[in-house]
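Okay, here's the structure, questions in a sec.
Just so it is clear, A, B, C, D and E label the chains in written order, and each chain counts residues from 1 on its own.
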Amino acid sequence: MNDAVETVRRISGVNPLKCMKCGKCTATCPAYDEMEYHPHQFVDMVANGRLEELMGSKGIYLCLSCFACVERCPRNVKPGALVEAVRLMVIRQQEQNHLKPQEIPALLEESLPQQAITSALRKYRR
Amino acid sequence: MQVNGQFQPTIVAFCCNWCSYAGADLSGTNRLQYPANVKIIRIPCSCRLNPMFILRAFQRGADGVILCGCHPGDCHYTSGNYFARRRMTLLFNMLEFLGIERERTRVEWVSAAEGAKFAATMNDFVATITRLGENKRLEDLRCKSK
Amino acid sequence: MKQIAISQLGQLLDAMAARQTLYLPVDQGKTAQFNRYESGMELSKQLNTSRSAKDLFFPQVEHLADFQVEGTSITVKPRQQQEEDFILFGVRACDAKSFEILDRVFLAEPQDTFYAARRSHATVVTLACGAPEETCFCTVFGIDPADPAGDVTAWLTGEKLCMRANTKKGEKLLAALPLLEDGGEQAVVAAQAAIHAVTDKLPLKTLDLTGFDGEHLMEKFNSPHWAQLSESCLGCGSCTFVCPTCQCYDIKDFNTGSEIQRLRCWDSCMYSDFTMMAHGTNRPTQLERFRQRFMHKLVYFPANNEGIYGCVGCGRCLKKCPISMNIVKVIKTLGEGER
Amino acid sequence: MQRIGVFVCWCGSNIAATVDVEAVSQALSHEAGVVFSTNYQYMCSQAGQEMIQAAIHEHRLTGVVICSCSPRMHENTFRKTCERAGINPYMVEIANIREQCSWIHKDKAVGTEKAIILGRAAIAKVLLNAPLTAGTSPVTKRALVIGGGIAGIQTALDIADAGFEVDIVEKEPTIGGKMTQIDKTFPTLDCAACILTPKMVDAAQNEKIKIYAYSQVEAVKGFVGNFTVTIRRKARYVDEEKCTGCGLCTEKCPQKKVPNAFNLGLDTRRAIYIPFAQAVPKIATIDADYCTMLKTGKCGVCSKVCTAGAIDYHQQDTLIEEHYGAIVVATGYNPIQLDQFDEFAYSHSPDVVTSLELERLMNAAGPTGGTLLRPSDKTHPHTLVFVQCVGSRCDGGEKGKPYCSKICCMYTAKHAMLIREKYPDTEVYVFYIDVRTPGKNFDEFYRRAVEEYGVHYIKGMVGKVTPQNGKLYVQAADLLGGQQLKIEADMVVLAAAIEPDKSARPLATMLTASMDTNDFFTEAHPKLRPVESPTAGIFLSGACQGPKDIPETVAQAGAAASKVIGLLVKDHLVCNPCVAESNELMCNGCSACEKVCPYGAITYIDKEFRGPNRTTLLRRIAQVNPAVCQGCGACTVACPSGAMDLKGFSNGQIMAEVDAICR
Amino acid sequence: MQEQVRAKAKALLESGVCDRILAWKTGEFFYDVTPAVFTSVEEIDRDLVYNAFCGANLSKYLIAESRKGGKVGAFLKPCDTYSFQQLLKEHRIRRENTYIVGVACEGMADIETIRAAGIKGVTGGDFTGETLTFETLYGAKTMARAEALAERCKFCKSKKLVIFDELLGEQGEEQDVGRFDEVKRLEAMSDEERFAFWQQELSKCIRCNACRNVCPACSCEKCVFDNPNSGVENKAAASSFEEQLFHIIRAFHVAGRCTDCGECSRVCPQHIPLHLLNRKFIKDINEIYGPYQAGADADTRPPLLTYETGDPEPRRGDAG
């Protein structure tokens, strides 16, 4: 699991150990009520390697990425960036069953907007 | 110097007693690592550094020479580092004029509180000199025949 | 007598260099210097090299020995001496004569082995002067610039380079150069006549050395003119270091960190620290130093060497002195025919 | 011939863990000049020092090399050790194999090799050392205290008490500093003015103390024992000799709309003012930025009402020069600017105040006469929220300070307690990250606030404060309760971080005293010399060295005073013998060295020399005053002939070190 | 001009203003002029010259001459006056014992340049006018004075006499004729090229010390290179490093003090362009710390003996 923590740290550029547990992120979070884990807990969980719980949490998709926590954090810990990184981790985990470019045409529908097709190609191209 | 076929530069760091030598001590106290290639010579002030010492170091086999002193304005003797700055500016330009790589000489201001900066500076300087290779242009071959 | 077309000079030099290391005057910047020959180098057309040919036998720095200090014991390791034969090409008459003077110093007992080794391994090829200049006064010392000494004498006669062996070494060298063909006697005679036509006009040919001998030593030494002659002397060593006959040196030790190297370096009696001793120097002002240099060349040396002067009239010091004070002005001022 | 002894210290495992000390002492024993080499667990211990002394006697050592910790740590220790054993203390060199070797290298082979090289360099240097004897310089028996807050006052009183003259320079019109603005003091809750003003009066009345209020240090020259300080006495436009402090002018001045700095702008004062009733010296001052007379030439009311005739609109700044033996820095602190903390709405609502502003709002002499009223509508607040650590403990960047401001936890507990006591109908919330209460009776004080006064201490931070409809909506986290709180508050009090006074940085430059990255003055040793600057003769008192509460400040002020007294009782100081020296035989008399000397230590004389052939020569030569020279070495490089050299750091010694390192 | 100089020299002696006159003395071939002290009108009439070969800078002689007692009159060319003033600034000359006659200068000829142009065997001639005429072993030759000028005179920084008691001829002006062009050319080269250039040049050095001994700035009572205790003393360069060391340290020691009189390059028997080292320092000083001309005045602090708090940092090689 340490590897995963290391990956989150690398993706986010954040050292969760800098957190002094003041809770200003949580105090400032507009999505507080919706999220299962609150920003300060989130940081603590990353620091303690509790990534599986986080990756399984719906909360990571409820974060608005408003970055208020990032802005307010006195220690430059950037909880929002950690949430983002955990989301990315989930996406990477899904790599095994991701789409291959050649599979995409069959999935296309007339009604799909052009942008979606382009972004799908960008996203799933390896 | 070549050690096991790998170039190991010899670096002489002249550090003023009041800021940079204390900064170097602090980087030790904080257990911040930098390569052993760096050997420090304590001088009272950066203005004590005579260009002859720099040339002497190159003659005797140094691959890089760095002068560390108090930040401008912080000199223990008020003005020493300002004089040192002028002297080194002109000397380094002259060495470059003679075709000697500018990277081999450097001045860095390191305060007594900047242990981390000292270590980072030394890491960077050693990396620069390692990349640059052995000092060939200001060497005295007599001092290299061992 | 042998000869070869000038156009083939390069091939001849290549052939010589193929046999032995070859040194010859080449242009380096504005000046000519004796350099180790590499194919393609051209023989300098200048009358004289900036430094003299003595460098090849008595280099400015001679590495004599090494010392190793281990605890309290010292080991001395002598340095290797010259072991290979070499050719010194293009030496002018004055420089060739200077070897004779240096030999009297370095080959006298106790012999200087470093110098002796170089002398014995060298084949000297001299070259007659094409166009002597106003500073030349070798004729005053009985030197004929049209017929220099050496193991081989050479002349440039317009179209040809003519060569004559004077010694066994010289014969051996010429014999080993199949490029050479016989002949050239006539051209050499003509060339010599042309040179003499110039030497007859040389302004310094009448320099009068009367009175410069051991008998007049004290008179010359005590001359009141030294003060005025030496007053503008800078005390540099340029005259000494371009001089083909100056032979003073100092011993210097250099600690490399792993050993101590003993070096013999040229020194100049014009220097304020020349022969500096614990008590100081015995020539405290530039007057004494200046006097020493010229007394040595013009009085002491001939007094001890059957009248041979320590000067060959090459004129380098005339050209090189920063303030144009030189041996000619000294001779004229101190001589019998002084103004 | 030198006989060198080498002593390699293990420093327990500090050195021995990454340096093979046995190999080092072995290798160094073969160096030229070395006759004895050994290693020991703790060279600086009694046993270690005795070992060195025994070796000096037994092996007739002439010089000693100690491979140990930094010379900044124990050079003096070992010099004294050797001096007691009969060799000159300057025949000792330290090879720094701890801070600059064992502590930075992990590989033992690497560390050992480097330690050997550093040892060699020290041996090469000591072989060229010469015995040095220190000279002496006289001490001016007068001290200067810069800053007239509680730190400066206490230091001055203590120095004066020992019988030495001392001057206080205070940039404000009155001494007293921040403490005059504080209402009550923790943990005893006694009134600040009641304990401070008597001290201010003591200082004013003490005949050994001279107060230069409304003055600033302009320039500092000289060195320990011999400082010359230029003081700028700013124009008050009031004759200090004549003003009786009656205050009539401050009532009659028609310019009423001047923000009152003493009350942090919470109310206004006149253009001519006395900061507060107990000001010392109690002399009026005209604020030139607001005075109509000074700005337009029309008015002159104060002059008309002044019966003493003290008003002088033409007064100019004056510069005076004084001589001191010691200087104490007591420049204090200020709360930081809160522009960077928009989330707390400090700039948007007058009801968001700093703790210092709250002090004024609660002070009987303050703008509200001691009744706690909201600045916006002067009503009684019912809900107060305190936010801790505003700008303290921040990481990186321009936003906030990385350090703990130390005093906030305690004064917030004090404020909360006082409010609850005086207004039991208020609810007080304190949002904290940690409550830090080390100090005598401190934690008890904090617990009383919680247990007896019912202050709500909530672990968590305030995320934002939104002013709306005369209320302050506070959104905060309750981390232990696991909820996000939304509190409707009447007032929010911010515990702003404190920072050194802005005047400290230029002062440090003048004094050549070093500062840390936060502009706090650096102490000579963080533990062992906490009230001295590394620059000799400069002492530190109060918050200029780091955040401090009043008891700590007073303690340090006393400590600084005792250090000053220790210096001033000496008639002479022993000088550093590592000073420049000119070889008169080589000196050209060109004046280059004089031009780079920061101390004016070099003078020239014409001296007759013996020339060649019994002549004499008159030559201009440089002479160094060893009492004035501080040994920087600037002159040695300016000197082209090399006539100027530095004892203890000579050209030869440094080049020998270079050779040994590069060998 | 020569007649004016002679007349002035004689007048100074005869009126008793000066006890002796420092000027230039003719030589064997008229171009080999030597600095000399004249004490009689007869000597002046016979030997004193002021022609295109009076390149020698007489200011340095005044260090010793001004201490001998009595008053010495000296003729100084514009560039010599800069050196003189710099020496005064460094307290090396006793001004009260000197009487300075500033003489205008049209630029001095260089015999090596003339020889290089093919005029060899010069035995005499007329060197006072715009065109120099030569008598040689190989016939009569002429050359324009402008072409025969020494390098330093082609790039003359100033024809202004900055200090004198009396003036002969017209006062001149400072001028900008691109004296740093050659330095710039070298600066534009790569490190490798510059290194090769200086290796080639400095390897010719024979350590005769002519450059040092003629240099008015190098007037140390004892030079570090002659002082066995200095750590850098040596008699001859035993390695290429020692060649570099001597010239770097010498240039550094005169940095900010060198007036760019060019004597070092004039006297070098090996024709090493030593003045370029000094000019490099002068150029850098001008560019980094503002224009400074050593010897131009008596008061300005030399650039290495002062500082500004806002001086730029030494440029870093790795650009970051």
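Criterion: a contact is a pair of C-beta atoms (placed from the backbone, for glycine too) under 8 Å apart; a residue touches a chain by one contact, two chains touch by 3 or more.
Not measured: the values here are computed from a predicted model.
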Labels of chains that are neighbours to chain A and to chain C: D
More contacts between chains, B-C or A-D: A-D
Chain closest to the assembly centre - both centres taken as Cα means: B
Chain whose mean Cα position lies farthest from chain C: A
Far-end chain from chain E, centres as C-alpha averages: A
Whole-Å separation of chain centres (CA-atom averages), chain C against chain E: 30
Euclidean distance of C-alpha centroids - chain D vs chain E, Å: 54
Where chain B and chain E are represented by their mean Cα positions, the distance between them in whole Å: 36
Centroid spacing, where centroids are CA-atom means, of chain C and chain D in whole angstrom: 72
Touching two or more other chains - residue numbers and ranges from chain B: 51-52, 56, 60-61, 73, 79, 83, 87, 140, 142-143
Of all residues in chain A, the ones touching two or more other chains: none
Residue numbers of chain D (touch at least two other chains): 596, 638, 651, 655, 659, 662-663
Which pairs of chains touch, using the document's own definition: A-D, B-C, B-D, B-E, C-D, C-E, D-E
Chain D residues touching chain C - in the complex, by the definition given at the top: 30, 32, 612-613, 659, 662-663
Interfacial residue positions of chain B with respect to chain D in the complex: 10, 12, 18-19, 21-22, 24-29, 31-34, 36, 39-45, 47-53, 56-57, 60-62, 70, 73-80, 83, 87, 111-114, 119, 143
Touching residues on chain E, where the partner in the complex is chain C: 27-29, 32-37, 56, 61, 111-112, 116, 120-123, 136-138, 200-201, 204, 206-210, 212-214, 226, 234-238, 263, 266-267, 269-271
Interfacial residue positions of chain E with respect to chain B in the complex: 183, 186-187, 191-199, 224, 231-232, 238-242, 244-245, 248-249, 251-252, 255, 277, 280-281, 284-285, 288-289, 303-305, 307-309, 311-318
Residues of chain E that touch chain D when the two form their complex: 67, 90-92, 219-224, 227, 229-231, 253-254, 301-302, 304-306
